[in-house]
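A, B and C are the chain letters, set down in written order, and residue numbers restart from 1 in every chain.
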Amino acid sequence: MAAPTNSIMSFTGVHKSFGGLKVIDEVTFDVVRGSRTALIGPNGAGKTTIFNLISGIYDIDIGKITLDGTDITHTPIQGRIGHGISRSFQNIRLMPHLSTIENVMLGQHTRARGTVDLFKPLGWGPGRRWAEMAEDALKRFGLETYPGQVVGNLPYGIRKRIEVVRAMMADPKILLLDEPAAGLNNQETTELQNLLRQVSDQGVTLLVVEHDMHFVRSLCEQVVVLNFGRKIFEGTPEQVHKDPGVLEAYLGTGNAA
Amino acid sequence: MSGYWGGILGILCINIIFAYSIFLPAASGQLNLGGAGFMALGAYSAAYLNTALELPMWITIPGAAIFTAAISFVIAFPILRTRGVYMVLATFAFAEVVAGVIINMEAVGGASGYEVPSFADLDVLAILAIATIGFVFYLLATRFGLSMRAVHDDENVAALFGVNVRMTQVMTFTIGGALAGIAGALYAHQYNYIEIQYFNIMISIFVLLYVLIGGTQTAYGPLFGAILFTFLPEFLRLPEMAGVANGAVLAEWRFVIFGAFLVAVMVFRPEGLITRAMVDRLRHGRAPEDITGEAS
Amino acid sequence: MLVTQQVISGLMLGGIYVMVAVAFTLTIGMLNFLNFTIPPIFMIAGMTGWGLTYYGLPFGLSDGGIHWAVALVVGLAAAAAASLLVERFTYRYLKAKYGDATEHAIPLVSSLGFLLIFENTVLILLGSDSQAFPVPFHDANLRFWGLIVSIPQMACLAISLGTVALLSSMLKGTRTGRGLRSIAENPEVSTLLGVNVHRIVPVMFLITGLLCGLAGIIFTLNYHEVSAYMGNEVAAKAIAAMVIGGLGNIWGAVAGGIIVGVVETLSIHYFGADTIKISVWGILLVVLLIKPQGLFGHTRIGKGKF
């Protein structure tokens, strides 16, 4: 199947099993360049597995992933960020013993890992450039209060946002966000949405796994629905509610609205 | 300065360098329980260069560092494939093999020990110890240091952000080997006589304790650990030397007190005495905990 | 013939390693931690036994030394008590998670602290010299086909294998044993399933304490010699045996113990005492690097944790 020309990432005929259990079964979809796409589905539908396949944590059994025309199916985990994939995690995975700014600077790693940069001090002297860039990013997203703090002790909502900023620092083409709004209160969710809109306005494609349908509807223009490892629907958030297959998948859980 | 305290300071300098040699891999998440083996490689290579080839110290010490680093680099690849308790055991086994090989090598004296002619006085030791401290602080402030600490916290996420995890670990292991080589060479030149029995499991255990008790999160940890571990047993001997009544009892029981101290540290400060949060608090005069309750 | 004799001595020596190796493998298998208090606990049994036989009860409670058999039983009890003390301060406090790779070093460091405490306490109270242990049966040997088999050594090998067999059937057959095995597989899940971790972990330490104590006693009876350092060499060999058998694998540790015993006596015989280190630790290193799961099948235990 030929990918549409405006597609940034395509996921073609992907299968993945764990010890005989089929987790992803013949999934194919495209993510439109510059779009805000949501990946939804009931628990165990395989959403996070898809993220792990895209970011290279798991290997694909059968199938192909291309990013911007490049086949990245067999690119090792540390190579994928160089192709423009960056992500956040369902359970925050910041480095607990690094400070906010150091976590954010980790996001720059691929852009700054020339041999010279590797052994240049970060916070002082000629290496200041990267530190300043990270400070600017924190300021832009309203996190300038915390640069020197070890992140392990920061509040949940703040850490969630730091994770997004860290992922942003890699200057990705596509940003994968795994349940970014989970565990946030209303105000924090609004702040996060504003942040994501800013990111999207800079031309970054967003692919979001999210349970909260209000969040999905207000942020995303495209939705892919998974159930038991299969794609059951692809369309706009408005169409999702009218699709009988989706309703059936959610029947009993009752949270499709 | 009396000869006694001069001797202690010499040991302190060696211990600091040795502690940093174990700290570098530990700071990137690798526990090395084979410190004695690497130190023995450094001591014996320096001694061989000094005795058999009659080279001066300014060649033997760097020579020992390069030799130990080369061996560390070669074994880093198989050893770093193991993790957790397997790595502890593999490094431990490596140190035992080194001891076993040296004891059977008549060229370096075998079981009967080996003379080292050149003497390194406290100045040399102090300069190298201070240089090592500066080097480690600098290294941790670079992007490579950031990679090390990121690998320590979460290997998978570090890899996702493009850190070459394997390269980082091999590098820290190799640089650690070089530092252990320097520590061993200094030991050989300080005492002018080495025997392989000295480089035993207790040496490996103690140096790992300097690092883990001091704390692996900052470069202050091993420095503090080495100072504490070098002086604490000596301080417990002070009352005896000053002739205080029952001072001998304290001196006799000092290693028991020391063991109890280790257990207590693990109960009350399991991340080590010096943590990152503590250094931040001292530096910025504000506790990160203060803001924990603000939101969420 | 001489080789067969060496193999027999190796088997006997292996019997001691077997019990200590099983103690190591149990702690690593169940709790993911390399217990460095095992060598001093082994030593405590022997040294307490010797101290009581030589000096008698403390505080003048007995006139002179007490009977060696009673003394050794007290030594066994002391070993078990020491192991429970370690549990109180090592495992109970240390289940905190810090989310980094060195967090599992915590029990390792605590057990090193206890190693210092136990070894130095014994050194202070009983001295650092090797002491002869007075046992009645010195030369009870069976001779057949020109081979010498020491009866006490044979009895000890039998006791050692019997204890491990008993332990293994206990792990399979009893409620406590099943609880222990479920902790080994997944501590969180086993708590959910109603296994009381706080009650069962002390049982585990009691078992390892008794195993090491018994091994210490057998060692004392066979070699008639005790010292404050007697545990270190044995424990080092037992660690090698455990690795060869695969971490967490009880019967693997048994086989490993016997292999190490035989390799040790043969390599002393052929190459001299100084080569033991290279042969035993060389084998260990190669096994760790090439086949870390051990020679006898697969176990996931111990990976990535201490």
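We adopt the following convention: a contact is a pair of C-beta atoms (placed from the backbone, for glycine too) under 8 Å apart; a residue touches a chain by one contact, two chains touch by 3 or more.
Predicted model, so just to flag it, every value in this text is computed and none were measured.
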Taking each chain's C-alpha mean as its centre, the one farthest from subunit A: C
Per-chain Cα centre nearest the global Cα centre, belonging to chain: B
Inter-centroid spacing, subunit C versus subunit A (mean Cα positions, whole Å): 50
Length of the line joining the C-alpha centres of subunit B and subunit C, rounded to whole Å: 29
Centre-to-centre distance between subunit B and subunit A (centres being mean Cα positions), rounded to whole Å: 41
Contacts with two or more other chains, residues of subunit C listed in rising order: 98-100
Junction residues of subunit B, two or more chains touched: 152-154
Contacts with 2+ other chains: residues of subunit A: 96-97, 152
Contacting residues of subunit C [partner subunit B, same complex]: 28, 32-34, 36, 89-90, 93-94, 96, 98-110, 112-118, 120-121, 124, 232, 236, 239-240, 243, 247, 274-278, 280-282, 284-285, 288-289, 292, 302-306
Subunit A partner contacts - residues on subunit B that touch it in the complex: 138-139, 141-147, 149-150, 152-154, 156-165, 217, 276-277, 280, 283-284, 288-289, 291-292, 294-296
Partner subunit B, residues of subunit A touching it in the complex: 55-57, 77-82, 86-87, 89, 93, 95-99, 102, 105-107, 109-110, 112-113, 117-124, 127, 130, 146, 148-150, 152-158, 166, 170, 185, 188
Touching residues (chain side subunit B, partner subunit C) in the complex: 26, 29-31, 78-79, 81-86, 88-90, 92-94, 96-97, 99-101, 103-104, 110-111, 152-155, 201, 205, 209, 212-213, 216, 252-253, 255-256, 258-263, 265-267, 270-271
